[in-house]
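Following this line, the structures themselves.
Two complexes, one shared chain (chain A), two partners (chain B, chain C).
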Partner chain A sequence: MMTRAKTGAAAAVVRAPRGRLKKRLKASVTGWLFILPMTFGICVFTLLPIIQSLYYSFFDYNLVSRFDFVGFGNYADIFSGDPEMGKVIVNTLLFALVNIPVTLVGSYLLALLLNVNVKGIKVFRVLYYLPCTMPAIVSGIVWSYIMRYNVETPGLFNQFLAALGLPMSHFFYADNFGAVASIVLMNLWSLGGGTIIWLAQFKNIPKQLYEAAEIDGASAMRRFFSITLPMSTPMIFYNLITNFIVTLQFNGTLTFAPNNGLGNGQATYMFGLKIYHEAFRRSNMGYACALAWVLVVIVGLVTVLLFKTNKWVQYDN
Partner chain B sequence: MKKVFCAVLPLLLALFACAGCFTPNIIDTPDTEYEVSLDVDPDIEATLRILVPTTDGGMEENYINALIPGFQEMFPHVTIEFDRRAISDERYVETISSVISSGNIPDLFYSNTVFYYYLISQNCIVSLEPYYAAEQALYDQTGGAEGLSLETDYYENFFDMSSYEGRRYVVPRSMDSVVTYYNKEFLQDAGISPDDERLESTEENPFTWNDLLSLCQQVSDYILSEQGRADGYSLAYALQADFDWEAVFNAIMVSYGSQAFDEDGNIAIDSPETLAMAEMLRGMYDAGRIIRPVTSGSSFANGMTAFHFSSSGPSRMATNAEIADDFDALPFPLILDEEAGLTNPAIGCGFAGWGISSTTEGTQRDLAWQFLKYMISEEGQMALINAGLATPSIRIDLAEEKQWSKGYEHINLDAWLQWSDYKVSSQFFITQDPSATFDIYSALQNFMNNLTDPTSMGSSVRSVEMCIDIAAEDLAAAVR
Partner chain C sequence: MRLVFHIVLYFFLVLIAVILLFPYGFMINRGLMSNSWILDSYMHYWTDGLNFSNYVQAFSDGGYGTPLVYSVIVCAIVFVSVPLSSMIAAYAFAKLEWIGRNFMFAFMMLTALLPGIVTQVPLYVLYNNLGMTNTLLPLFLPGIFFAGAMNVFLTRQFLMSVPREMEESAKLDGANALVRCFVIAAPMCAPILIYLGVSAFIASWGDYLTPSMYNNSVDAPYTLAYALYDMTGRETNSTHPEWIFAAATITSLVPTILFTVFQKYLIEGIQTAGLSS
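Up next is the complex of A and B:
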């Protein structure tokens, strides 16, 4: 009997977690059902293509008639055999170095302006956000006319420069860094998108902090540097990382730059466009997949680096 | 962390294995010699899928639709389905690869002078030589009652344009040849009589590039004169040439002996011949209002150009209300100047047509051939003409009878047919890997735009030497 009783108790001990698990599963089945379509979608349309692209990156795959295993051959070509990579990397880094600070600071300053309590501020918020609702292809066409370089029929900017008696500029038709600088200028058009995130962050800053600072006689500038800026650092950090990723992936030049997006003298040939160009213009899908994975590694490394150096971010209230 | 790692790693490995299972759909090299049968059962039940472009306003689909009733009289149980795709120079690779990846491959691929090389190199279409050989044999056996003889009844050089390694791959639906349209009213206003001998094109007095330049200069002087402005031509140009169109620039390059690549595939654009051509084109730009910029609008500029290079038939040109009853045509001007060493004139031409998919085999392939054969039969060609295909028929009899332009007999329809020995199609990409075709094309388009429109949207004012250097760099990048 003792043995039987002992065995029964032991069984009860073993069964208890199983029962809890079953109970928990039963309780959460509705939740699982709700997320099932999304999970399925992510697996089929995101996760699987990601893994598939990794698989293809080890093949010489031209999309139609060739699928030969080349091991790390595509990766070796990126670092040693592709004469375009130098230009692509320089253009991408220059673009990132200028675009990230300009868009971060620009959207932050715009958000500060739009955070002021004045009559009609909501109208301004809408107006600044409106350009973001315009499809990229449409804004690309509009900007190609605004920045047009043509002696007989100059674009809007060049008409403006001419009216001021200044020489016309090639903008993104230039075959030097001027083309990349013009894209940065063009990106200011959609600063409103970033301001929405900043505004949400500003609303989260406790009002008591500003009230206390005002009682202590802190000036507006002091309140900004001692309260607003430190309290925004988590969002600055988030925007820095996402901006970095978006900038490295940028291939918007396809819609407006000459030479099928490559620009004159390949002045606007950047990493994102290189991936598209290899995949869909040169049908080197395997090589394009390898490029995409190199980009993933670069983004991953920089993100880790940013996280390692994020002591300036103030997460506590 | 360890647990997460242990869970994620097998998941990734499993997914990687799954990805391996999704080995992409690719096409193997097709046989160049295969069994054919010209005797397809008229009661066959089948569906033929035909790739048609959607980017031409439905023109090619309209032509195929015109062929269906006649074809279905021969094969009443055959259905035609369209595989409608956006087809352009920039997106052709993307379009074809998505067709192949889908696994739902059409029986007939649409192609033209530039696209065919890509299709052949990617194993998408089969050589049609076995069918041509079988049809010729049948023609010989039956004394011409059945079968086809390209040599006897057709403009064979247009069939040859889709050749690769001595085999032909595409059946052209018509002849596309560049001609020079001119606006009669504009020329008269500029003081150029219709009887001006420069507007002649005969064996003894061919219409030459020098004639065109002289006429254009006269028109340009008129445009810039007080009278020209008073007559409403202040925005006009003498010539809409579309120099970035391969049928135009290729003919000019060939005439000058200029090449993008030599026979060994080395870049050869940096040559004295190219320099001579470039200086001639830049001279046209510098001479005043001769070359209309490529960026400013519609065909024939609504009557605001005196000359226009085009391959459209006269009925299509007549849809332009501004010049509807006031135009005529000359052949493409022959670049012929013995003193300058130019003795090898060329006229740009090309084809549009269909090739049989390499995945279409057996009876289905024979049926696809029957469709193409019907397309170039007298009845099929008449159906295309009645559907609005106003370029010369690929059949010699219909072309010479001018069936393709009824109602336009007052126009010089010989302009399309004259100088057939000088007609050349684009082959500038043939020594290179097919994946580079469209980049090479882009590089040469940029080259011509830089030369003929040096202040356009895409370029600054550059010397011809700089243009050649840039072209060499672009070509090197294209074939890297």
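Up next is the complex of A and C:
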């Protein structure tokens, strides 16, 4: 009797976890069935392409007839041998160095303006965002007319300059750094996109901080530099990184710059466009993959560098 | 003093709004111009009349009609498939217990780190091998399975804040996971699902780049954004620029209206996406 009771209890003890395991496994089947489409999607459209891309980058591959192993040949070409790379790197760096600060500071100032508490401010928040709803291809077309350089039929900006008695500008059609500067100028019209995120950050700043500052008699200027700006640093940091990644991949010049986006004298030829051009215009698939991996390494290095020097970012707890 | 401040403030608010909206107005004006006015050697800002017939001609003779239909088809598919695929994956991460869940979640989030430009070439090779270039499939196929780590992540966050009670009682009533996901949980996630659907619609609507990679035949079906990209180089550009601007106006109005109507969901979505990173 005693023994039977004992074994029965022991069996129950053993059965309980086995039952739980069975239940867990059964539940896991449901979980995996749910996650199956995503797993398939990631494998086919992300994971496999990543591996293939790395593999192709060691080949001279033109999609049709050539598939020759070249070792690090493509990578060597990028750093020495490709005569276009010098121009591409200078243009990309210049664009990043001017565009990122202008975009960040500009949208931040705009957000400060839109953060005031007056009647109808919500309408202005929407109005300022509307230029961003214009698809890139449309704004490319529109801006190529606005910035058109043609002595007989000058674009709007050149009509404006002429009316002021100033010399006409080539804008996108310039064969020097003026072309990149024109892109930065055009980007000012999409500053409203960044303000949305800044406004959210402002909303997250505790009201008590401002109330306390007001009691202490701090001026509006002082409140901005001691509260608003320091409290925005996490978002500034995030925007800096994402802006950098987007800027390096930028190939939007396709929609407005002459010569398929390359610009006159390759003045708007940048890294993102270079990859697009090598892959889809010249069918240098292997070389395009190598370029993409160089971009990944650069993005990775700069991100690490930014994280190592982020002492100025104030994370609140 | 306060009044002066308000006057100055509103002056600047209006001034900046006018400056920011002037390209939009330029486009609308040019879409309404008569052919002779738009081809005038002086580039006018204001139209000479309201030639709405440009719209009819652009979408018939101008060749933008068929692309418009294709755009609507592609955007309708992503509008449904992106929230759907994100919801299924997010539900598994937020509400189901299964072995390997944390690993798969980390694995998914890792894919967000790599710039999309890396997969461009192999994806082209894949679509080319499967005979999908010169079709509309590459524009929506990936989103049916996986619409991006950020979208799944946002939906999961939303799901985790949804109260458990209704689901628990549905579970006791014997409702299976699929029913709980779509009948109980999905309606409560409406704000985030609307955000995903509308922003996927807007992104596909304006995407000229993806078709430009996968289209290399003139007979291939293409979308409105690609038609604008492609036709700016064609003959109609020099003879009927007003048709381009009429088509461009329609191409812009759709996302503008969608944004204005769904601004509450879109702004909230963009803000949570930004803050949660």
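We adopt the following convention: the second predicted complex is superposed on the first by the 276 of 317 C-alpha atoms of A that agree within 3 Å, B and C clash if a C-alpha of one lies under 4 Å from a C-alpha of the other, contacts with A are read in each partner's own complex, and residues count from 1 in each chain.
Everything that follows uses one rule, which is that a residue touches a chain if its C-beta (ideal position, glycine included) is under 8 Å from a C-beta of that chain, and two chains touch if they have at least 3 such contacts.
Fair warning: this is a prediction, and the values are worked out from it, not measured in the lab.
Chemist: Superposed on chain A, are chain B and chain C clashing or fitting side by side?
Modeler: Superposition result for chain B and chain C: clash.
Chemist: Contacts for A:Asn259 in the overlay, against chain B (first) and chain C (second): which applies, first, second, both or neither?
Modeler: first
Chemist: Quick check on the superposed pair: does A:Asn204 touch chain B, chain C, both, or neither? Answer first, second, both or neither.
Modeler: A:Asn204: touches chain C, not chain B.
Chemist: Quick one: classify A:Ile146 as touching chain B (first), chain C (second), both or neither.
Modeler: A:Ile146 contacts chain C only, not chain B.
Chemist: Check the residue A:Thr247 against both partner chains and state whether it touches chain B (first), chain C (second), both, or neither.
Modeler: In the superposition, A:Thr247 touches no partner, neither chain B nor chain C.
Chemist: Which partner chains sit in contact with A:Leu63 here, chain B, chain C, both or neither? Use first/second/both/neither.
Modeler: both
Chemist: Pick one for A:Thr228: touches chain B only (first), chain C only (second), both, or neither.
Modeler: neither
Chemist: Counting only touches as set out at the top, which of chain B and chain C does A:Thr30 meet: first, second, both, neither?
Modeler: second
Chemist: Under the stated touch criterion, which partner chain does A:Gln52 make contact with: chain B (first), chain C (second), both, or neither?
Modeler: Once the two structures are laid over each other on A, A:Gln52 reaches both partners.
Chemist: Output check: A:Phe280 vs chain B and chain C. Expected answer is one of first, second, both, neither. What do you get?
Modeler: both
Chemist: Chain B or chain C: which reaches more residues on chain A?
Modeler: Counted on chain A, the partner with more touching residues turns out to be C.
Chemist: Pick the chain B stretch that clashes with chain C in the superposition, from 60-68, 78-86 or 150-158.
Modeler: After superposing on chain A, the clashing stretch of chain B is 78-86.
Chemist: What is the shared patch of chain A, the residues that chain B and chain C both contact?
Modeler: Residues 47-48, 52, 56, 63, 148, 152-153, 280, 285 of chain A touch both chain B and chain C.
Chemist: Which residues, counting only chain B, touch chain A once they are in their complex?
Modeler: It is residues 12, 15-16, 18-20, 22-24, 26-29, 90-91, 93-94, 96-97, 100-101, 122-124, 293, 295-296, 435-436, 438-439, 442, 446, 455-461, 470, 473-474, 477, 480 of chain B that touch chain A.
Chemist: Which chain C residues qualify as touching chain A in the complex?
Modeler: 6, 9-10, 12-13, 16-17, 20-21, 23-24, 26-27, 30, 41-43, 45, 85, 88-89, 91-93, 96-101, 104, 107-108, 111, 114-126, 128, 141-142, 144-146, 152, 177, 181, 202, 205-206, 208-209, 212-213, 225, 228-229, 232, 244-245, 248, 251-252, 255-256, 258-260, 263, 267, 270-271, 274-275, 277
Chemist: Over in the complex, which chain A residues touch chain B? Could you list them?
Modeler: Those in contact with chain B are residues 47-48, 51-52, 54-56, 61-67, 82-84, 144, 148-153, 170, 173-174, 258-260, 264-266, 280-285.
Chemist: Okay, in this complex, where on chain A does chain C touch?
Modeler: So the residues of chain A in touch with chain C come to 24-25, 27-32, 34-35, 37-42, 44-50, 52-53, 56, 63, 110, 113, 116, 118, 121, 124, 126-131, 133-139, 141-143, 145-146, 148, 152-156, 159, 189, 192, 196-197, 199-201, 204, 235, 238, 242, 245, 248-249, 251, 254-255, 272, 275-276, 279-280, 285, 288-289, 292-293, 295-296, 299.
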